[in-house]
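Order as written gives the chain letters A, B, C, D, E and F; numbering starts at 1 within each chain.
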Amino acid sequence: MDSLNKLWLSTGLANFELGQVIMMLVGCGLLYLAIARNFEPLLLLPMGFGAILTNIPISGLSEIGGLLHYIYYAGIDTGIFPLLIFMGVGAMTDFGALIANPKTLLLGAAAQFGIFATLFGAIALNMVPGIEFSLKDAAAISIIGGADGPTAIFVASRLAPELLGAIAVAAYSYMAMVPIIQPPIMRALTTVEERKIEMAQLRPVTKIEKIIFPLGVLMMAIFFLPAATPLVGMFCLGNLMRESGVVDRLSSTVQNELINIVTILLGLGVGSKLSAEAFLNVQTLGILALGAVAFSIGTASGVLMAKVMNKFSKIPINPLIGAAGVSAVPMAARVANKVGLEANPHNFLLMHAMGPNVAGVLGSAVAAGILLALVG
Amino acid sequence: MDSLNKLWLSTGLANFELGQVIMMLVGCGLLYLAIARNFEPLLLLPMGFGAILTNIPISGLSEIGGLLHYIYYAGIDTGIFPLLIFMGVGAMTDFGALIANPKTLLLGAAAQFGIFATLFGAIALNMVPGIEFSLKDAAAISIIGGADGPTAIFVASRLAPELLGAIAVAAYSYMAMVPIIQPPIMRALTTVEERKIEMAQLRPVTKIEKIIFPLGVLMMAIFFLPAATPLVGMFCLGNLMRESGVVDRLSSTVQNELINIVTILLGLGVGSKLSAEAFLNVQTLGILALGAVAFSIGTASGVLMAKVMNKFSKIPINPLIGAAGVSAVPMAARVANKVGLEANPHNFLLMHAMGPNVAGVLGSAVAAGILLALVG
Amino acid sequence: MDSLNKLWLSTGLANFELGQVIMMLVGCGLLYLAIARNFEPLLLLPMGFGAILTNIPISGLSEIGGLLHYIYYAGIDTGIFPLLIFMGVGAMTDFGALIANPKTLLLGAAAQFGIFATLFGAIALNMVPGIEFSLKDAAAISIIGGADGPTAIFVASRLAPELLGAIAVAAYSYMAMVPIIQPPIMRALTTVEERKIEMAQLRPVTKIEKIIFPLGVLMMAIFFLPAATPLVGMFCLGNLMRESGVVDRLSSTVQNELINIVTILLGLGVGSKLSAEAFLNVQTLGILALGAVAFSIGTASGVLMAKVMNKFSKIPINPLIGAAGVSAVPMAARVANKVGLEANPHNFLLMHAMGPNVAGVLGSAVAAGILLALVG
Amino acid sequence: MNSMEQQFLEAGTLMLAGMVFVFVFLSLLIIFINTVLAKLSIKFPDPITLNTARSNKKNNKAANGEISPAIVAVISGAVSRYRKQHASSPQKSTK
Amino acid sequence: MNSMEQQFLEAGTLMLAGMVFVFVFLSLLIIFINTVLAKLSIKFPDPITLNTARSNKKNNKAANGEISPAIVAVISGAVSRYRKQHASSPQKSTK
Amino acid sequence: MNSMEQQFLEAGTLMLAGMVFVFVFLSLLIIFINTVLAKLSIKFPDPITLNTARSNKKNNKAANGEISPAIVAVISGAVSRYRKQHASSPQKSTK
């Protein structure tokens, strides 16, 4: 009898709280998006699963001694996992299109306005009762506008760990929704004639340029923004491994097995922050709303910047590639290509959009560094 | 002269204790089984090697600051390594045969009687002078009957870390000896006619069933047995990664590089618990004896359950597949197939035996959860 | 205004110290050697990059909470990374040539004179004002003569962590320069006739010999030198995984993904010790000088030992293969082959030189064990 | 001997509770498969071509499409080498 | 409301400082590309054969040359099996 | 200068002890190879077919048999594509 009672008390049914049930449904929702809708499945699948695991009553998976607790504190609280992933992303990135057309860096810069406008917006949301974002919170939220997962997680883990779950969910969800969010904005801000603009073929880029480029980026980050060097440094290390051509076996492992392992653990660890207390509040709604705003403003800024540049440039620039400046590599570049093809079936913008696309990654890392330096 | 003396005192010869020599021979024995007899070499080779390393005098490999000490406390004491391996096993498991013939879950349930009967037996062994097993010890020992390495190591690390070495040795050794242990029991409990029974071909299983199945298993574990969710959760995560089809690169890494790395470290870490004090005692003999009993009872229970079911089922069930309910995937299923072929050369039971085989993995994880909930 | 000032103070330009600039140039120099000169790029590229990262002002990458700090203390201070790499090296090593011609072990022994002579030299350098090496320092420096990266890093992390950076730089640089350092010494110490000596074809080696050999090496280390068993043990574990043939999937991961991941982290961690305070002093110059001496003496000892053996052996030995006894696998063996071909275009020494080459690895590990036992 | 009896009692209770629990748990899974999964499999049947696609997908390394460019390159090479070796054969005349 | 104003001021300053900084940083990168990299690309042009070599190299697994022996072995087998199947065809006569 | 002398003495002792030890250790290994291993190699000779099996096995990735199904699938495709391209060639008539 006593044993039966003990058995009953050790079931989940006897210990559930409403918040946990809701958060498990949120986790299932993330799994649905990942599996059925193919929304950034590499991260949302482990993250959704982690959300379910962390909300299991009395299992202690996220408490001291539990697996998710170890993963979070060893890998995310320390910043190690996002930095290792950023190294892998660097090793996957080809800066060729950017070096061939360096002006596109300005598009990647303009799109970061999505970040800083959102910072302002987050502070403005403090006028809503029940929401109280500190400047650190606002900075962490704004980085969603960078459309770059590891950067967002790294900054959030530094500035507002208690918001990490909501920020990561927003960042990856909106990144997956880039093909839905961006096209209407792109069409609204451009004329058909502008969308039809064909761009000149890119010049070939030499090996030496590709090798020196990441070192140059790192040097500039060292001179002007040391706070960005963890992110920029690991990214450039990955890229240098890729381009140097002398450590292919390391580059390959970084792009494959290492990033795969860390992605699973990162997803589980981020999911472990999706507890009811941390997620089920009006602040999360605010974060989700701000995220959508951030992506929209970033997209618009990129497109408008491209239109401005087009006025001053002899070589024509299709304004659609400005939208790729938000990063979300390579989705945003594909979207630019697709919208371009609608207007002109012979207009292949993919390679041209890769320039602002990877510029956006650098731009977000720089913006992250500024936030860490001035707010952190 | 002084230096020569120091040199002599720093040799192993000047510091050996008898127990260490014996344990090194045990380690060599494990290596022999792994290499020459192909007994679960993936784990027994590193485990045997770890047993040798941990017993080297004055090398300090298992003391604070030593490699094996770090591996044990970072990976096994925390439970991280067995859980990661279980994720990999989940990613390697195909539940198709089980979903196609769900009744075989009862076979996997019946075979767990090997666990609980052994628990009773371990307590009974307290009547032998020199053996004193607490209830926790008995529970940790009984899990050998689950015929599942990571589960046994996880439970032992939670309930009886000082018995971990002996339990792991017993579990893996008997798993490797399944082709020797099971056939006589299977033949003794069945008639030739029963062994000749051919089974109907399995229906095809759809993708959606395979995706939802691990989530259903997890949900049930959450409702009824949260204590099992670390094991069941990681197993289901691995299986979901496999079946979802959207994260193949993660699934591949989990099944290959990650599980390989963790297996080596797990083996070394478990081997580091094979010190003379912990292993060379009458309790170890008791554990080894109980392990053989556990496997035998589990096998018999599975076969008998299948015979019972055969009486009530319209669709014939070959009782041999009941023996696969002990897990030991996929060895036990192969044994059922082989013994079936002896009786009837046209009787291919392999796929049918995979159902109870993977059911046994779930059954053991559930049994482990019960032990952790009620005894832990 | 305040914000602008804060922004300025958060730039690198406002915080640079001269030493940091110099050390970044050193890091760039290592990258240059790795990429343009192909000097041991697998380690020098991450090491050079780590040297740059660790010298970035106010980024805190090597301070508590920084990535490089975690890497160094988790992986190098504990000795885990060099030991895992040594396991991988073991899994890559084929002892066939050594077993076929065991006398070449004496060449690997003789070349270790480079280590112990350097130890003497390091003590002698104390006569130079500004240099003060303790016996531990001297022992750590002398291991450069072992021409084996993981061994050098392991010993240095144990005996003289503050010299680790300089020792690793010297060890890997000189290993890369083996094709420049060794040939003049080899030519100076041998006659053309000696260099023309052709060697008898090696006998085939059986599988059982290759399996038992690493176990025999380990047993001898256990009996005579437990202090060497962390290094020798992990090396032999890797080799046993390779040769046993029953754990090919583990062996493959150890040789590829695991060693790649650890190499990157090891390089970054070692690079993080290249801070201005630790590196920019006269001691570093002393270490670099001693390293060159160590390699030269080791090479000469190997060649001379081969000449001595040739006087007593019926079967002819080409003295050039003695130079391969310093390890630097497989570079030194290739150098022996190349110098041999110069003298006699039909003289293929590569396989014969692999014997002393891998013997040198064992010899260095034994020497490391002696230093750790007597000095540590 | 009292403690012994108590231990046996505990062990017996555990055995009973454990076996009942295991059977109940796995029986519920049977019901889950026979109801929920059965309905799902009718509502979302596999597309007809899926079988072959899945069987390929399980070959892990190949699944990510990582290898294929390399393999294709090697094969192209092999095929062209093969064709060169047979340059004089009648089939070449069809080109 | 004073604190609110102050927060807006801080946020506005951050926005301004941040956007200026981002633009300056990336503009300097443009200059870096147009000067340093441009000069380097002239001074160290790619060898002519490099393009194809690089494109192969990016196929990661294949890059290390790890797979190729296995692949070649498999292909040899496939090709020889293919040839055996066609042993009676005219092309065989050229052997 | 006394400490200096002492240091030299220590270093000299180390050098002597170390070199002797290294030589003794590796010489014992020679004996081990010439006795134990030699006997073992006679008692357990390699099966004749082993050589080729081993040389294949060392191709790591391929060793686990992981790649082969994928490769075979790709090759089958390549071969069938190749055959389609030559559908009009005489060899087809043998089918």
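In this text, contacts are C-beta pairs under 8 Å (C-beta built on N, C-alpha and C of every residue); 3 or more make two chains touch, one makes a residue touch a chain.
What you are looking at is a predicted structure, and each value in this text was computed from that prediction instead of being measured.
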Across the interfaces C-E and C-F, which one involves more C-beta pairs in contact?
C-F
Based on the averaged CA atom positions, which chain is farthest from subunit C?
D
Label of the chain whose CA centroid is most distant from the centroid of subunit F:
A
Between subunit B and subunit E, the Cα-mean centres are separated in Å by 44
Please report how many Å separate the Cα centroid of subunit B from that of subunit F, as a whole number.
32
Distance between chain centroids, defined by C-alpha means - subunit B, subunit D (Å)
21
How many Å are there between the centre of subunit B and the centre of subunit C, using C-alpha atoms for each centre?
41
For subunit F, residues contacting two or more additional chains
14, 17, 21, 60-61, 66-67, 71, 75, 90-91
Multi-chain contact residues (two or more partners), subunit C:
3, 7, 224-225, 245, 249, 252, 256-257, 370, 374
Which of the residues in subunit C end up touching subunit F in this complex?
99, 102-103, 105-106, 108-110, 112-113, 115-117, 119-120, 122-124, 126-127, 135, 138-139, 204-209, 212-213, 216-217, 220, 224-225, 245, 248-249, 251-252, 255-256, 359, 362-363, 366-367, 370-371, 374-375
Spell out the residues on subunit C that touch subunit E in their complex, using ranges where they run on.
3-4, 7, 256
What residues of subunit E sit close enough to touch subunit C in their complex?
13-14, 17, 21, 66
Would you pull the subunit F residues touching subunit C in the complex into a rising list?
4, 7-8, 10-12, 14-15, 17-19, 21-30, 32-34, 36-37, 40-41, 43-46, 50-51, 54, 57, 60-61, 63-64
Subunit A - residues contacting subunit C, complex:
78-80, 83, 211, 215, 218, 222-227, 229-230, 233-234, 237, 240-241, 244-247, 249-250, 252-254, 257-258, 370, 373-374
